[in-house]
Structures are given as C-alpha cells and as structure tokens.
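Below are two complexes that have chain A in common, paired first with chain B and then with chain C.
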Partner chain A sequence: MAKYIIKRLFYAFLTILVLLALTFVMMHMLPGDPFSTGKAMDEGTKQALRAYYGLDKPLLEQFIIYVRNAMVGDLGQSIKYSRPVMQIIMESFPVSFQLGMLSLIFAVIAGVALGAVAAIRRGRAADTVAMTLSVIGVSIPSFIVAALLQYFCALKLNQLTGTQIFAVTGWGNFNQMILPALALSFSSLATVSRLMRTSMLDVLSSDYIKTAKAKGLSEKAILWKHAIRNAIMPVVTVLGPIAAAVLTGGFVVENVFSIPGMGKFFVLAIKENDYTLIAGTTLFYGAFLILAVLVVDILYGIIDPRIKLASEKE
Partner chain B sequence: MIDAHKLTTTQMLTMVLSNEEEKIGMKGNWVKKVAASMMCLAMVTGCGSNGSSGSKEISVNLTAEPPEMNSILTTSSGSMNVLRHCVEGLVVLDAKDEAQPGMAESWDVSPDKKTYTFHLRKGQKWSNGEEVTAKDFVFAWNKHFTKKSGAAYASTWMTKIAGAEDVFNAKDDAALKKALANAGWKAKDDYTFEVTFTGPFQYAVVLMAFPSFFPVNEKAFNDAGAAKDIKKYGTSEKTMAYNGPYKITSWTHEDSLVLEKNQDYWNKDAIKLDKITMKMIGNMTTAVNEFNNGTIDMIDLDGENAKTLKKDGKNVQAFDDGGVWYLEFNSQAKNLGLNNAKVRKGITLAINAKAMAESILQNASPVATTMTPAAVANGEFKKTVGDLLTRDGDYAKAKAMLEEGLKEEGLTLAKFTPTLLCDDTSSAKKQAEFLQAQFKDNLGVKLEVKQVTYKSRLDLMDKGQFDIVFAGWSADYNDPMTYLDMWMTGNGNNHGKWSNAEYDALINKASSLADKDQYYATLKKAEQILADECPIGVVFDRQKDFITTDKLKGVVRTAFQDMNFNYAYIEE
Partner chain C sequence: MAKVLDIKDLYVSFDTYAGEVQAVRGVSYSVDEGEVLAVVGESGCGKSVTAQTIMKLNPMPPARIKSGSLTLGDIDIINTPEDDMQKIRGKEVSMIFQDPMTCLNPTMKVGKQIVEAIVHHQRLSKEEAHAKAIEMLEKVQIPNAEERANQYPHEFSGGMRQRAMIAMALSCNPKLLIADEPTTALDVTIQAQIIDLLANIRDELNTAIVLITHDLGVVASLADKIAVMYAGKVVETGSADDIFYNASHPYTVALLNSLPKHDTNKSDKLQSIPGTPPDLLDPPKGCAFASRCEKCMKICRHKQPPVFKLNDGHEAACWLLHKDCPKEGGKS
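Here is the complex of A and B:
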C-alpha cells in the first residue's frame, strides 16, 4: 500500500510539473501586457515592474525560479493585487472548499436518497417525479438556481416575514451558507440520483438480494445492509469528478452571492494577464484535484475490499 | 414568464423532497430534525449580522476589492475611494471639488505662482503614534518619483513638479541621491513643506488632494516590511498608518472593509458617521437585492436597474463621473484616409450621439461637444468654451464630408471598410453593434468589428494597430489640462498618433500662463482644433447612476471624488 501511494505521488508530481510548464508557456502567449491599464505608462516604469516580477528574465529561467520557490510554498506576488498569491489562495480556498463540501454533502445525501427511493418505487409516481427533477436539475444552470434562491428565499422571504432567515450575500454565518450550497449542489444532486437509481435497480435484481429475501431477512436489513452499500459504489466513483466540478465550478454561485471564494481568481487572473496568479491558482487546483483522485482511489479499496490496488497484486 | 416557471420547479423540488423523506420513514424524521435545527441556527445568526438602523453606521458597495492601499503606487479608483477616508494629504476636496485645508492649515504662493509653501498643523498623529510632519510628505514623494518603485502615475506627474524628472530618470544610486537632494519638494522644517512646480498651474493646490501626493509615515512603511519590498505597504489594515477621518479596522479581502472614525483626527467633530462598511459586491443584480433587502445604504447602478428602481419611486441619483467617450481614430491609417480630418469629422458627425448615450448607458448622459466635460471646474471651463462640435443630424452632409475627404486621399466610399477594435465583453459588443448600424444607416459604410480581450485591445492600441476604437477617458485632476495634454504629439495616450504643431504650441503656452482667463482662452483654441480635426470624435459625457437610502445624506460623488463620505450624515 505504502509503495503504491509513493508511486502514485511521484506520478502526481510529474503531472503537476507538466501542467505547470504548459500553463507557463500558454499564459505568456496571452496577448497583452499585465501592466497596461488603459493609461499610458512610462517604458521605464514598465521595465521596473517587469524586473520586480522577474519577467525580464528568459522564460526558462523564470520557470526554474518559479518551481524552486513553489517547492517552499512561495507562489510569488500577484500583479493585480499587491499580495502574495499563496496568501490569496489561503484566504479564498477555504471558503470555496467549505462551499463545495457543503454542496457535495447535500448532493450526495439527497441524491442517494432520491435515487434509492426512485429505484425502490420503480415505475410509480415517486420514480417519475424524482427522475423528472433530476433532468431539470441537470438542465438549469446553477446561476439561475442561485439567482432564484437569492431572490425568493433571501430577499422576498425577509420582506414577507420581517426576519432575515437567509442572508442575501456574504460568507461565514450559517444563514449565508445554505442557499449558495444548495444552488451549487443542484446539478450534482441530479447526477448522483440518476446514477444511484440505475445502480440500485441492478443490485435489487441481483441473486444475493433474492437469497437474502429467501433467508427471511427483513426489508429494512436488506435495503440498508446489502442493497444501498453495494449500489453506492458507482456514486463513490463519480465523487472525484463531482468534487472537482463543485470546487472549481463555484465561480458563478460565488459571484451571485458575493462570496469571497477562489472562483473569481481563475477568471480575473486570465483577464488581467496576472501571470503569477494564473500559475498559482492553476498549480494549486491541479495539485488539489490530482490528490483528490488519489484519495478516491484509495477510498475505493477501503469501501470494497475486493478491489486490490495495483501494487498489491505483486 | 421564465421566472414563474423556474419558481414552480424549485417549489416542486422542495415539496417532493419532503414527501420522499417521509416515505423513507426513519430518515424522514432525521432530515426534518436537521432542517429544523438549520432554520433555528439561521434565524439566530441571521439577526443583527447586517443592518445599520438607528446608529451612525452605513454600509455601501465598493463593487470590487481595492487592489492595494498604497498611496505611493495606486492607480485604482477603488483604492482611492478608501484612501480618501483614511489618509489625508495637504488639502482635501470639498463637495465642489475645491481645495480646503487638510494636513496643511494654510499655504503661501510665490509671486511667480510656481512655489507653494504649505504650513502643516502641529500635533497631528498617525495611527501608529508618530507625529505627521513634512518629512512624511518628502518620504512618500521620494518613493513615488523613484522609477524603481514602479509607480505608474510618476510619469504623469513628473512633468509638473520641479526636479521630478531628474529623480525619475536618475541612472544610478548616486545620481538618484543628488536628484532627490535637488528635488522641488522640501521639508523646510517639521511643519513647513515647500513644493516648486514647473509652471504656474491653476490646479497646483487641487493636485495635492490626489493620493500620489499623500504622506506616508516612514516608520509604518518600514514596519510593514516595505523598505525591502514596497508592495508590502497597505496590503492589510495592519500594514499601514492612518491620519485621516477614519481608520480601517478590518479588511476581509474580496468581502468587505470596515472604516471606523479616527478619534485623533483634527477635524473629527465635522465627521458625522462612526462606521462605514464597504462591501465588494460585483454582481449588479445581487447589489440591487441587497439594497432592496435594506442591508446596504448605497450601491451603483446600471441604466437598466436605475430605470426599474426609479419606476418604484426610489431615490435614484446620478452624477457626471468625468468620463468622456469618443471614437479614437488612427491618424496613421492612410490606407483608409483616416489621416484626413474630413474623413474623421464626417464619421464623427454621422453618429447619433444622443441615441448612443440612450442606448448604451440608458440614462440622461449628455452629448459631448468638447473633449473636456462640464464636470471639470464646476462647468466654468465648459461655459467659456461652449459647444464646439455640434451635430445637426444632417447625415447627408456628414456623408458628403467623408466622401470629399476620401477623394482627397485618392480613395472612394465604396472601398471604405474600416474596422472597429473592441473588447469581448457584452457591453463592448453592444457599442459595436450600435456603431455598425450607424455606419450602415447614416454613411452606407460597412463597419467591420474585431473583438479581442481587454488586455489585447490595450496592447493593439499601444502599438497603433487599429482603425477606430470606442474609448473613454476620465480625469486625474480638476482641470481641462487632464483631458487636453494627452493629444500632444508623442503622448502615450495619443494612440492614433495624431500630431498638430499648433495644438502642441497652444498646450505648452497654456502651461506657462498664470492668468486664468488667458489660460482658458488658450485652451479654448486647442479645443477648437480638436473639434475641427477630430483626432477623436467625442460622443457622450458619462453619467453614473447610484441609489442611496433616504436617510443617508451628504454623500459627495463627483468626477474627482468617486465616493466621499467625509461629509455624509444620517438624517434622523
């Protein structure tokens, strides 16, 4: 196991290095100057700024310096904001992470429940309703859900009741977190529920469930101990990509609820040609996602002992 | 229609969810309990988290995170909106943009009107306990004009202040030291600061209210670690010192910034608010929701939202933000005849400016008839100059002028296909579509559109690789010169590389005039050349819409003070 993890970590490192190199080349190919503001700037000032950010050096040298600094956690200084990129990430990522995790938890719990119910009540009204909902969930973009939730559940509900149950904007208090998390979870909830339904149907018609029934196990025990545990496997598999989607896809929801998350920096960094911020955020998310996939792979082995990790075959 | 439909789906979801949970049995109870406790929690935390009623506290929308709070370096109007409240320069601007005593209680002017001696108030404290002295000004100015600091405004100001160019262009440390010793700014003693300008500028004193000229306390600067890395100053509420009406007491990046009244401020009795929370809500719809929710006292609006709120009888206001918008022509594009004044003017006259302002901004922004908008000098200059570029809506005449110009250059209207360079944003697209229609309808010319990213457009403009751009310019200081010297030969903002020796001579002459009437008369001649030659075809002077709660009074919003709450108060 340890050997496997070390090997995977090594590959992860290589992947990140390649990702970073590509990002580096591509961002320097972006047209435009990070320092231009629409107001003429003296060439000398521009050169001073280039020197400050080390942009006057050859690209390869810049890359080597960047990697060396990144190893010790220094991702350089943002060009747009006069703050270290690491500090920007450390302030904004926890917010996006909380939002993403909250929505993930919601999506999984509600999605699994919805999918399971749909499977158990296959062909009946509950099934139709659940699946119609999931189609809608996949089709409506999260910013519309976010805007609707904000308008009706925060603004209108407050005007109606005179109590601020949900805040319109911000982050930190629980009443600020529920609506954005809900909005963000909508489409993953739909994915999870459809997947769960299919998988649950498979499991319910399998032999061991019939055996369990024949043994006289109660309905509850069959569902909880045998059916759901087995049916949930595919959901665990997509958890990685879904986590990636909610963690990187929070931009729109963060924008609607004015949440100080990390999403906007991706968009803004590229718009502003903020090289250090582009490289820093890409590196951070790249590393995060690669590690997340690794964790999911390991989790897989724990949930289903039949799955052996590569190195253990030897 | 769409909204109603979406609502029902959302409601359906909640309804169905609760139904399903009941059917699961055990789980239903559990989910219900969690939901109930969530609600309770939300209600508990919800109360009092926002809201500013009953106290002298307000909450406003700053729209975006200010990039830094370093007055030496900043070029951001967002940063200046905050700095204006917590750091004070020699003078402050009043509601009419005129200079009033600030850190300097008085000043003397030399007979040639070039040297100003500012007398500082004694006993003024920085928030770190240090006294505010003339040395703080010298320190900040030295840093600002040293090229290595990378202050973008230095090259704008260096032509105006004696010795600044020598400081900026110093080749090595020894030359820098010498230039700094000879610079036109000096601390004669702790309370006397002397500045020598390169000309008898009308705007000399007003300029001192601009953040580039603010003082910075050296100890606070060093404590922030800025001696080694200048960008470390003013990155958080703790890495800077305050001497203004307010102090920043908390700065949550990308979320909000809290200003609280500075009890050490010399004029604290005139400051009526105790606390200002500046939020950074970038999404317009969200800001409007926040306003309607009663949790924010002032937000900026776009034309569409302003209209809606006005219809609801809300307190929508507008101010001239000093932005003049124009078609910038590439005077070097000879293949299109854009080097010909008749071609440029013909196009300019063919644009229905009023319709464009109405269509793009959707508010009452006035049509521009000179480069300098009425926002400057309380309209005094505009009144002197009058309307120079007038459009009578006779598009046949405009077209004839264009054709004549093209003919002079050996070109024909049939082959005239200029390209408009614009950003890839939706608002830029709207502008481009409007101009395309105007070209087609009024001139019978097909206007090509080249959409690129914002930074790419700036890059292409700097390189002179464009035909026509729809661009805008806002003032740096309260004088027509901030709109006029940019069109001189070789100025970096003159992207179309238009050049007119007479114009250059007029601007240079104006800069040496101490008499206001003569100064205005000279600049009027320059404005006339712009109107005749149209290196830029002015279209409209932008007005910005905003809304405040009824109780918030005395907010100053002008072209030179985008947001100023130093005179604001709550009406009981």
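Here is the complex of A and C:
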C-alpha cells in the first residue's frame, strides 16, 4: 500500500511538472505582458520592471527558477496585487474549498438517494420526477441556477417573510453557504443521480439479490446491505472528475454571490497577464485535483474487495 | 411418508406487453421427506417458474398465480403474505441457483453472507452464528473453512462457490432444497462432486430436494422420482426406473433418444427433436407436443390428453395410452 502511494505520488509530481511547463509556454504565448495592460508607461520603466520580475531572462531559465522556488513553497509575487501568490491562495482557497466540499457532499448524498429511489420505483411517479429533475440539472448552467436561487430564495423569500432566511451575498455564516453550494452542486447532482439509477437497476436485477431474497431477508435489508454498496461503485469513480468540476466551476457561482473565493484570482489573472498568479493558481488546483483522484482510487479499493491496488499483488 | 411439498394444478402467468404468457399450465407434483424429485425439460418449459413460485421469488407483477394449490408441509404458500414468506424463505425451503459466479454478493465476505441467513432465522449471537457458518462450510467439504469464511466470493472457484451456496441454503435446516440447475455452469468433474454432495445431504439430513435440470445424466444418479415437463405442463411422472426403462410419453422417449450413448459412433449424428416448443402466449388447444410428435393423431390436435395412470406412481398425459388407441401406435 505504502509503495503504491509513493509510486503514485511520484507520477503526480511528474504530471504537475508537465502541467506547469505547458502553462508556462502558453501564458508567454499570449499577446502582451503584465505591463502592457492598464496605464501607459515609457519603455525604460517597462524594461526596469521586466528585469525586476526576472522576465528578461530566457524562458527556460525562468521556468527552472520558478520550479526551484515552488519546491520550497515560494510561488513568487503577484504582479498585479504586489502580494505573495502563496498568501493570496491561502486566504482565498479555504473559502472555495468549503463551498466545493459542501456542494460535493450535497451532490453525492442527494444524487445517490435520488437515483436509488428512482431505480426502486422504476417507471412510477418518483422515477419520472427524479429523472426530469436530473435532465434539468444537466441542461441548465450553474450561473442561471445561482441567479434564480438568489432572486427567489434569498431576495423574494426575505421580502415575503420579513426575515432573512438565506443571505443574498457574502460568505461565512451557514445561511450564506446553502444557496451557492446548492447552485454549484446542481449539475453534479444530476450526473450522480442518473449514474446511480442505472447502476442500481443493474444490481437489483442481479442474481445475488435473488439469493438474498431467497434467504428470507426483507426488502429493506436487501437494499441497505446488498444493493446500495454494490450500486455505489460507479459513483465513486466519477468523484474525481466531479470534484474537479465543482472546484473550477466555482468561479461563476462565487461571482454571482460575491464570495471571496479563489475562482476570481484564477480567472482574472489570465485577463491581467499576471504570470506568477496564473502559474501559482494552476499549480495549486492541479496538485489538489491529482491528490483528489489518488484518494478516490484508494477509496475504490476499500469499497470493492475485488480491486487490489497494484503493489499488494507483489 | 410425509409430503414435504405438494403442488396441485398450478397455473402461473406473466402479464407482458405482448399479452399473457401462460408459463405454467396446470402443474402437479409432490415430494416426500428425504426424496429427490428431478424436474426435467428444455429451456422455457416452466420448470424454473414453478420452482420459484414455491418460494414466491417471481416478481409479482408481472408474474401472477392464477389458480391451483401449493402447500409446503402444512403451509399454504399461495395465500401466505409477503411478510410471512420472509420467515419461510431460507428456513422451511431454500434454493440454490444455476450460476454460482453471480449468486454471491461480490462485496461481502462469504462467511458473513451465511451468517446473515442464520441470524435472520435463528436466535443466535453473532459468534454462534459464525461458528455455525464455519460448521456448514466444513459440511460441504470446503477446506480451511475458518479462513475461507473470511474471504470474498472472487477468491473462490466456481465449484467452491456452489458449495458455499449449498452451505448457505442448508444453514437453517430447511425441509426442502430447490436446486435450480445447480451444475449447468460447472465443469464436468465439479458437476460430479456437487451431485455427490447433494446425495450426501439427502442421506444425512433427510432433506427433500427438487432438482431442476435438463441434464438427464445428472438425474440418473440422484433422482428417486422424475417429472418431465413440456410447455408449462408435466407430461410424465414416475420413478427413475419408470422413466428411463419404460418411458411412455413420446416427448420423454425423444428426450432420452437425444442423449449420446456410450456406443454412439463418431460419424453418427446426435438425435434431436425437430421443431420448437409452442408459443406460450397462445398455447395450442390440443397436446402441446403434437406438432413435433412422430405419433401424432387427429385427436391430439383438438383435445388435451388426460393423465393416464400406468402403475403406482407412473403417470403420463398422452392419447396413445387411451384404451381405445390402436396398440401398434404405442410404445416404441
């Protein structure tokens, strides 16, 4: 197990290096540089600034310096904000992480429940309702869901009841977290519920469910002890990609609800040609997602005993 | 001897979009204590549906018990509600299935799956149930039972899984074991072992067994009584000797003829029964086998044959056995 994890971490390191190299090349291919936007300044000042940030050196040398610094946790100074990139990330990421995790947990729990119910009541009203919801969830982009939720559940509901049930904007209190998390989780919830329904139908018609019934177990015991655990496997596999979608998709929802998350820096840095901030946030997201996929793989081996992680066979 | 299972004139249909499929059309058979009844017939003849009806395992709907009686010991199964069926399944009657590769839950330890059945029906602690599960695994000759109980199904071979299934089925000492083609998915050598195991169980525990199969070779070594089914009906019943040496229904005869013999030459073609079974959406008015029967008479197409009693325990439903039937058309 330990050997497997070390091997995977090594590969993760390589992946991140490639990711970083690609980011580096692409951002330098963008027209202009950090000093060509905003206020006009004379050539001499620009030269001096480039030299200050080390941008006058050859690209390869810049890359090597960057990697060397990044290894000890120094992601450089943001050109636009004149603050260390690491500091910006450490301030804003916890907010994005909270939002992401909240919506991920909601998507998985509600998605699994909805899918399971749809499968058990196949062809009946509950199934139709759940599947209609999931089609809506897949088709409506999160910023529309966010705006609708904000308008009806925060603004209108508050006016109607006279008390503030859900906050319109901001972050920190629980009543500020619910709506954004809901908006962000909507499409993932839809994906999970469809997946769960298909997989549950598959499991329910399998022979071992018949065996369980032939043992005399009640419908409830069969569902909880035999069906759900087997049906949940495909959901676990998509957890990695869903985590990615939820984290990187957070930008839009954060924007609608004015949440001080990391999405803003991740997107706006590109517009501003803020090289260090682009590289820093990309590196951070990349590392986080690769870690998430690794955790999912390990989780998979725990849930399904048939899957042995590579090193255990040796 | 006491009858463990008694089925009388059972009709089971499936309501499908295409219409009513009359899968079981008046089946009667019975099994005594410690007796092995083999139910033989080709695919789709209703043998599995009948067997699953004993435990009410067919999903209802689409399945529907139309009429007939089905008693297990002194329990009237047809009128037993689902809640009470859960106390009967696994305790009074157990079942093992065709494909042992898919019949065990892949994410649960084998021992735990057996414990689950024991705890459900008997007032035992987890430890006692676990000990009992290991004892059952030993009884079906699984080596290192203690260690094996802690393994998952994928660590078992096909034959071992079927043994584990048998151990699970017998863990609550049922009066009746239904084995639905228990050897079909196994190697020939493993088949023989499973058949031996079933014979041991019958002798040791006096468990009655309904053995569903289309392999007459399996039947010959184990069955006390045989029921031959065709198109949702029992066409002939009798002792193993009656059926093998004195087959009276043309379908039984054709079935026996299609078995390869020891003296069959390689160049000889294997015998088969021409034609296909009738569509049970619209079963024929007369004898269901008439269209494939070599000795078909006019009456066979119009009127269903009654059951003729040949001797004690040997019965067949064929017009050839009628006293007015010319005898040269009789037994082959």
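Following the convention adopted for this analysis, the second predicted complex is superposed on the first by the 311 of 314 C-alpha atoms of A that agree within 3 Å, B and C clash if a C-alpha of one lies under 4 Å from a C-alpha of the other, contacts with A are read in each partner's own complex, and residues count from 1 in each chain.
By definition in this document, contacts are C-beta pairs under 8 Å (C-beta built on N, C-alpha and C of every residue); 3 or more make two chains touch, one makes a residue touch a chain.
Note that the coordinates shown come from a computational prediction; the quantities given were computed from them, not determined experimentally.
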Problem - Fit-or-clash call for chain B and chain C when the two complexes are aligned on chain A - result: fit
Exercise for the section: See if chain A has more residues touched by chain B or by chain C, and give me that chain. Expected result: B
Practice task
Go through the superposed model and pick first if A:Leu102 touches only chain B, second if only chain C, both, or neither.
Solution key: neither
Problem - Vertex chain A angle, Cα centres of chain C and chain B, expressed to the nearest 10 degrees - result: 160
Problem - Partner chain in contact with A:Val256 - chain B first, chain C second, else both or neither - result: first
Exercise for the section: With the two complexes superposed on chain A, say which partner A:Ile89 touches: chain B (first), chain C (second), both, or neither. Expected result: neither
Practice task
For A:Arg306, select first, second, both or neither according to whether it touches chain B, chain C, the two together, or no partner.
Solution key: second
Exercise for the section: Using the touch definition from the top, say if A:Leu195 reaches chain B (first), chain C (second), both or neither. Expected result: neither
Exercise for the section: Check the residue A:Ala110 against both partner chains and state whether it touches chain B (first), chain C (second), both, or neither. Expected result: first
Practice task
Considering only the touch criterion stated at the top, classify A:Leu184 as touching first (chain B), second (chain C), both, or neither.
Solution key: neither
Practice task
Classify the contacts of A:Ala231 with the two partner chains as first (chain B alone), second (chain C alone), both, or neither.
Solution key: neither
Practice task
Once the two complexes are aligned on their shared chain, state how close chain B comes to chain C by Cα atoms, in whole Å.
Solution key: 18
Practice task
Would you pull the chain C residues touching chain A in the complex into a rising list?
Solution key: 55, 57, 85-91, 94-95, 97, 99, 102-108, 116-117, 120-121, 152, 154, 165, 168-169
Completion exercise
Per the touch rule, the chain A residues reaching chain B in their complex are 30-42, 44-45, 48-49, 52, 77, 80-83, 88, 91-92, 110, 113-114, 117, 121, 126, 129-130, 133, 136-137, 140, 144-145, 147-152, 154-155, 158-159, 163-171, 173-175, 178, 255-258, 260-261, 264, 271-273
Practice task
Would you mind writing out the residues of chain B in touch with chain A in their complex?
Solution key: 3, 6-7, 9-10, 12-13, 16-17, 19-21, 23-24, 27, 38-39, 41-43, 45-47, 49-51, 65, 67-68, 70, 73, 75, 147-152, 154-156, 168-169, 231-232, 234-235, 252-256, 279-283, 285-286, 289-290, 292-293, 295, 452-459, 462, 471, 486, 491-493
Handout entry: Residue ranges of chain A in contact with chain C within the complex
Key = 206-208, 210-218, 221, 225-226, 229-230, 303-306
